[in-house]
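Below, subunit A partners subunit B and then partners subunit C, in two separate complexes.
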Partner chain A sequence: MAGKHTRDDGTIRTLAELKSALQNAIELEHSTIPTYLCALYSIQDGTNQKAVETIRSIVVEEMLHMILACNILNAIGGEPAINKPGFVPTYPGHLPDSDNSFVINLAKFSRESVDVFLKIEKPATTSEPPKAKGYQTIGQFYQAVRIGLEYVNDNTPGGIFTKDKKQRAKQITAEHYYGSGGQIIPVYTIDDAREAIAEIVGQGEGIDDTIEDSDQQMFGQGIEYAHYFRFNELHEERLYKDTDTPKSGPTGDRIVVEWDAVYNMKPNPKMDDFKAYPELLEKVRDFNRTYTLLLDNIHNACNGQPDLLMKGVAMMYQLKYKAIALMNIPVPGTRYMAGPSFEFEK
Partner chain B sequence: MKTDHYDVVIAGSGIAGSLIAKTLTRAGKKVLLLEAGLQAGVALDSDGAYNNYMSYLDRFYNAAAKVPNSPYPILKDAPTSNVLDVVKLTPGGPPPPGYLVQMGPLPFASDAVRGPGGTMLHWLGTTLRMLPNDFKMKTVYNQAVDWPITADDLRPYYEMAELEIGVSGEVSEQTYPDTPAPKAYFGKDYVFPMHKIPQSYLDTEIAKGVQNMTVKLNKRQYKINCISTPQGRNSTPNAKYPYRDVIWNKAEKKLKLTGLLGEKYDYNPVPSIWDAYTGQRCEGNASCVPICPVQAKYNPLKTLKRSNFDHLTIITQAVASTINIDEKTKEVTGIVYKRYNNPDSPEYTTGVAAGKIYVLAANAIENAKILLASGAANSSDQVGRNLMDHMVMLTWGLTKEKIYPYRGPGSTTNIATFRDGPFRSEHAAWISPFDNWGWSWPVFSPGSDVSDGLAMGLFGKQLRDYLNERLTRQFLLHFECEQSPDPDNRVTIDHQYLDPLGNYKPIIHYYATDYMLKSMEAAKTVSDQIFAANGIEDHTVYNPVTDAGYVTYKGQGYTYRGAGHIVGTHRMGFNKHDSVVNHEQRTWDHPNLFLAGCGNMPTLGTSNPSLTMTALTFKAAEAILKQLEK
Partner chain C sequence: MANNRADLFLEISALLTGFNKAELQGTGMVATYYNTVANIPQDPNYSDQELAANEANVGFFFEEVNSILKENKKDESKLQQAIAGRLMPLSAYNGLAQSIITLWYTGSWGANVVNAQAYIQGLMWDTAEAHPPGAKQPGFGSWSFPPL
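Now for the complex of A and B:
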């Protein structure tokens, strides 16, 4: 469903294009989550504390970004579509509507997967134009969304932000959402929307040629580094110091990354791969059912029943336990363990 | 060694010390905080805080007896009380081993944490306010003493405390005996920062039969009122809650509640001290006492972390011993502390912390000890006296239907009916929390149930069935009886009893007056009626041989336990003859010495004292700022 209304030049000029781009934003944020979760869950319990902390903190921020994108879409009268087969990406695959310059996977925690994570979170450079389609960096994409929001809002009499009470009640607020590290921002105005985008981009890429994310500046939280730089600490096996810059790279203490204390999960598993092993297949299917139920839950939460989100928490725990159980089951005849396949399964 | 000169020197980093440090440093004052516990415990950076807290959790998981102090390091140089040391005393015999020198005739049954964050690391989290009559026991019931302040005086400070701790609860459900309706007592539009923690299944099942039932007590009839309990653990934010911070208003010379972020964002529950992804909601881990694994439950390190560290110096492993006093001006000139490198070695260096104003916030027993050791603040002869605790009588039984205990925080509902009433001129008031954790407190369930099953020769499915029938029906009721102040319940010191650093160990004299014993008799009558009316099979046993707190009254035996509420040893009052501190928590005898903590409370009321103590501490912080800016 991605890209239906997006212009070839990557700019946004109409409300339909804007809604389409925001739906893409939701899909884009979501597409990174299975990737990060596989790496996170593949790390054996009690090891790699720094890596676990890093990936966990980043994946919950991606979840926040997904919900922020839903809030913006709801604010302009859209309807986030989350529980459709096409919503779930196929792995290996690309970031939705990107320039396809790299491949994202469902894979265990490894040097190779951290390489991919760095590409996902790579900060935009000023030389690249804002583009909602064919973008190279996520920053480029959101720049285009922000410009599009401003353009369409300015060129629509009365603006595009809904005044309808029922529609405004669809916003996810701090009452429903927590534990994301950042700030959940209910969106009612163009300023709120700008702030939500600044939060998404700021947490991911950082601000103004520093390694820090935007939460301290925007919300008075403790200093935290942006996603790219947190992953780079794992990549370089060295911590940043507060005085480091993007150019300097990390110059702080060395850290130990235990690349071997990881379940050897089969890369990009599919239910089809397990046809010969009915018991194992059933477990993978069971995981996917839970995952699909969770998507249903989030879909309904973002379409007028925000209270449901709290009930999703138990499903998220289920998902974790089921994923880790799979990673403890060898795939017969291979050197791999099974793993979650993140397929849409009703 | 003498330190730099600070605006304020504080001994103790529990909630009282941490709150004063935070409030003062954020108002630009230079503060030195002395802490007796280990350096590791004060780590507030992400990795340090996480690693230290995980070490507490490991210690808890590995402990054979999961008592309140089980997660926290035992330090020879900064020893503390432990409920495992509470044993039955022999009249005339030598005091048993342990930090508290228990002279009896009854044992004082509560403990404290001595380390960064203090005893609130293992508090349950109940945050009830005191009731209006609690502040005027003498006037209304001719018992104990009045406070020099009223519930109305304390209200703005209660509101600050409820923000600081982050209280979850429903104001509209807070209906108390002899107290104005919630809208009047709390203020028309007042709400807590977060909605209530959902009451447990057990609570709702029990309340079905108990709510509004009539019980008879001493020829009077009472209608039982079960209400949700406000608590200091994170829940869903209340969008109507307006406040974000407490700020020193220089012009008005007052602390004021303000909305820091404006109306735009809802109140955000304060997460764990190690990252913002953990602890924003209670997860029902059900180990609140002794330790919340995710820090959804408030602890004072959350407050300390919000200090302005440009103005704060913390010296850890520094045990406050005595205070120096200028004989002429009566001003305090320094706090003498002993600093150890290794908590198991008796070696130490002595330092003197110097400032303009001094605050002892080391807990009620430690504060009293330091004052007694220094001959300070005691012209009233009240230092160390009036030691109080809630004397907790437990009753337990098996319900007919399964109520599924062992889920959620320790207690989410209480019976408020006997918190106030004319009976207080005859015997103590009490509050009755429903307990969510089965019989774990009185008989160490579920381990003891497994032992019982094994002793009956059960194993396999039969054993599982036995446990399934028994554990799921365990009901426990508390009766937290308000101990009345008594000058003979007291802390003293003696050169015979010293710890490895040569500091005094507290000597405790403790007993239960008839006023207390009579309340246990009354509470048992109420319990019997509740159990009988609801078909709860009573399994309560008070054992005269093994129960340390076994007492008798009119031929019947009862057992009290400690509530961990150590209160009263340096009471607040109306003048220098009747008390140690005034209503601002300043000592009458020394113009620059403040005392903070539960020791200031003249009476205990039936609420857990932490919230009230926090409110009083805001009052102290305000008075200190006023004095500094004079």
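Now for the complex of A and C:
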């Protein structure tokens, strides 16, 4: 499904290409969530407080980004497609439509996982051209989306932002979305769309060669470091100081990361791996059923029933408890524990 | 077939609680509860005789579990009968089987909650499709939705 309309040079010139790129954006944001959640839930209760705080705060921002991408797509008359098998990435895999330069996994919290997280959140350098396909950094991808939005909007008589009342009512607003870092932005105009993209990119990789994210400048929220730098604190086992820069790296206090206080989750589990163990298989399937219900819920919420998102929160809690239960179940004959496989299961 | 006490404990726990082994393992409490049941209590109020009697009782209980499981491997209804007749009476092994059921469902051993996790992981919450107050939050407004 990904990239059907995307040009080989990574530019966006038509409304169809734009819609396709925004669908990719939704899939891209979503693809990071299972990978972060596995690391988060693999951390044993009561340990690694800093790591838990870091990953949790980042994963809820990825959820926000996914919804922001849905808002932009809805604003130009698109239909976010979330509840179908092709929506769910296969792990190990790549960020959708990226240059495939690194592999993302469903894996426990470890130095290796944090290395991958740093690659996901790596800030774009100015030498990289905007590209919606074959991008190296997520910043490059969104830069191409922003330019595409402006280009297609400018070259379409009357613009591409819907005036249709029913379509405009599909926006997820602050009324439906609570409890996460950053801010939900309903999108009705090109300026709103630009702001939403600035929010996504600013939280992920920061702005203007600082380590801070964009929320303080944009929304007057307290200073928080962008995702890349928050993960880098775990990687370096040292905090940033306010005076640090991307080049200096973190020079603040040492932090303790308990790499061993982690469930030894089997990497990239699949339901097929558990065929010989019906009780365990049923638990994994049960997790996947709830996950698929949640995708249904988000799909419907982003396609005209925004009030449903509230119900999704209850499903997310269920998923968490089911995932942690799986990480407590040994896989017979191995040194691994089971884990959530994030497969589409009706 | 289970051949050590810890494995026997998981096997018999599944039969006593009605939750399967994967479900019990998912609570993360198997090792803690096994130690609660099998270890000599570290309580200074117990006399040496009481501790010795307790250790012997636990030993006999696991021997009995082992033979019940072996003898009734192939017949589910006979297995249930054997458990009901030989383990469930309060007179059998000081009511250890009943205590194990209470342990899994409530997280309590005797009058005490084993630890904070034991309270959270009590099977009674799942059984009632409820959640332990103060933990495992179900999400705001979840009470207004039918169970998944």
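A few comments on the model shown:
One rule holds in what follows: the second predicted complex is superposed on the first by the 346 of 346 C-alpha atoms of A that agree within 3 Å, B and C clash if a C-alpha of one lies under 4 Å from a C-alpha of the other, contacts with A are read in each partner's own complex, and residues count from 1 in each chain.
Assume contacts are C-beta pairs under 8 Å (C-beta built on N, C-alpha and C of every residue); 3 or more make two chains touch, one makes a residue touch a chain.
Here the structure is a predicted model, which means the values were calculated and not measured.
Once chain A of one complex is fitted onto chain A of the other, the partner contacts of A:Ser42 are absent, as it touches neither subunit B nor subunit C.
Touch criterion met: A:Lys283 reaches subunit C, while subunit B stays clear of it. Of the two partner chains, subunit C is the only one touched by A:Tyr321; subunit B is not.
In the overlay built on the shared chain, the residue A:Ser20 is in contact with neither subunit B nor subunit C. In the superposed model, A:Pro330 lies in contact with subunit C only, and not with subunit B. In the superposed model, A:Thr32 makes contact with neither subunit B nor subunit C. Contacts of A:Asn297 after superposition: neither subunit B nor subunit C is touched. When both complexes are aligned on chain A by C-alpha atoms, subunit A residues 310 touch subunit B in the first and subunit C in the second. Across the interface of their complex, subunit C is touched by residues 45, 277, 279-280, 282-283, 290, 293, 310-311, 313-318, 321, 324-326, 328-330 of subunit A.
Residues 46, 50, 236-237, 239, 260-261, 265-269, 271, 275-278, 280-281 of subunit B touch subunit A in their complex.
Subunit C meets subunit A in the complex at residues 20-23, 25-28, 117, 136-142, 145, 148. On the subunit A side of its complex with subunit B, the touching residues are 53, 56-57, 60, 173-175, 178-183, 185, 215, 219-222, 224, 310.
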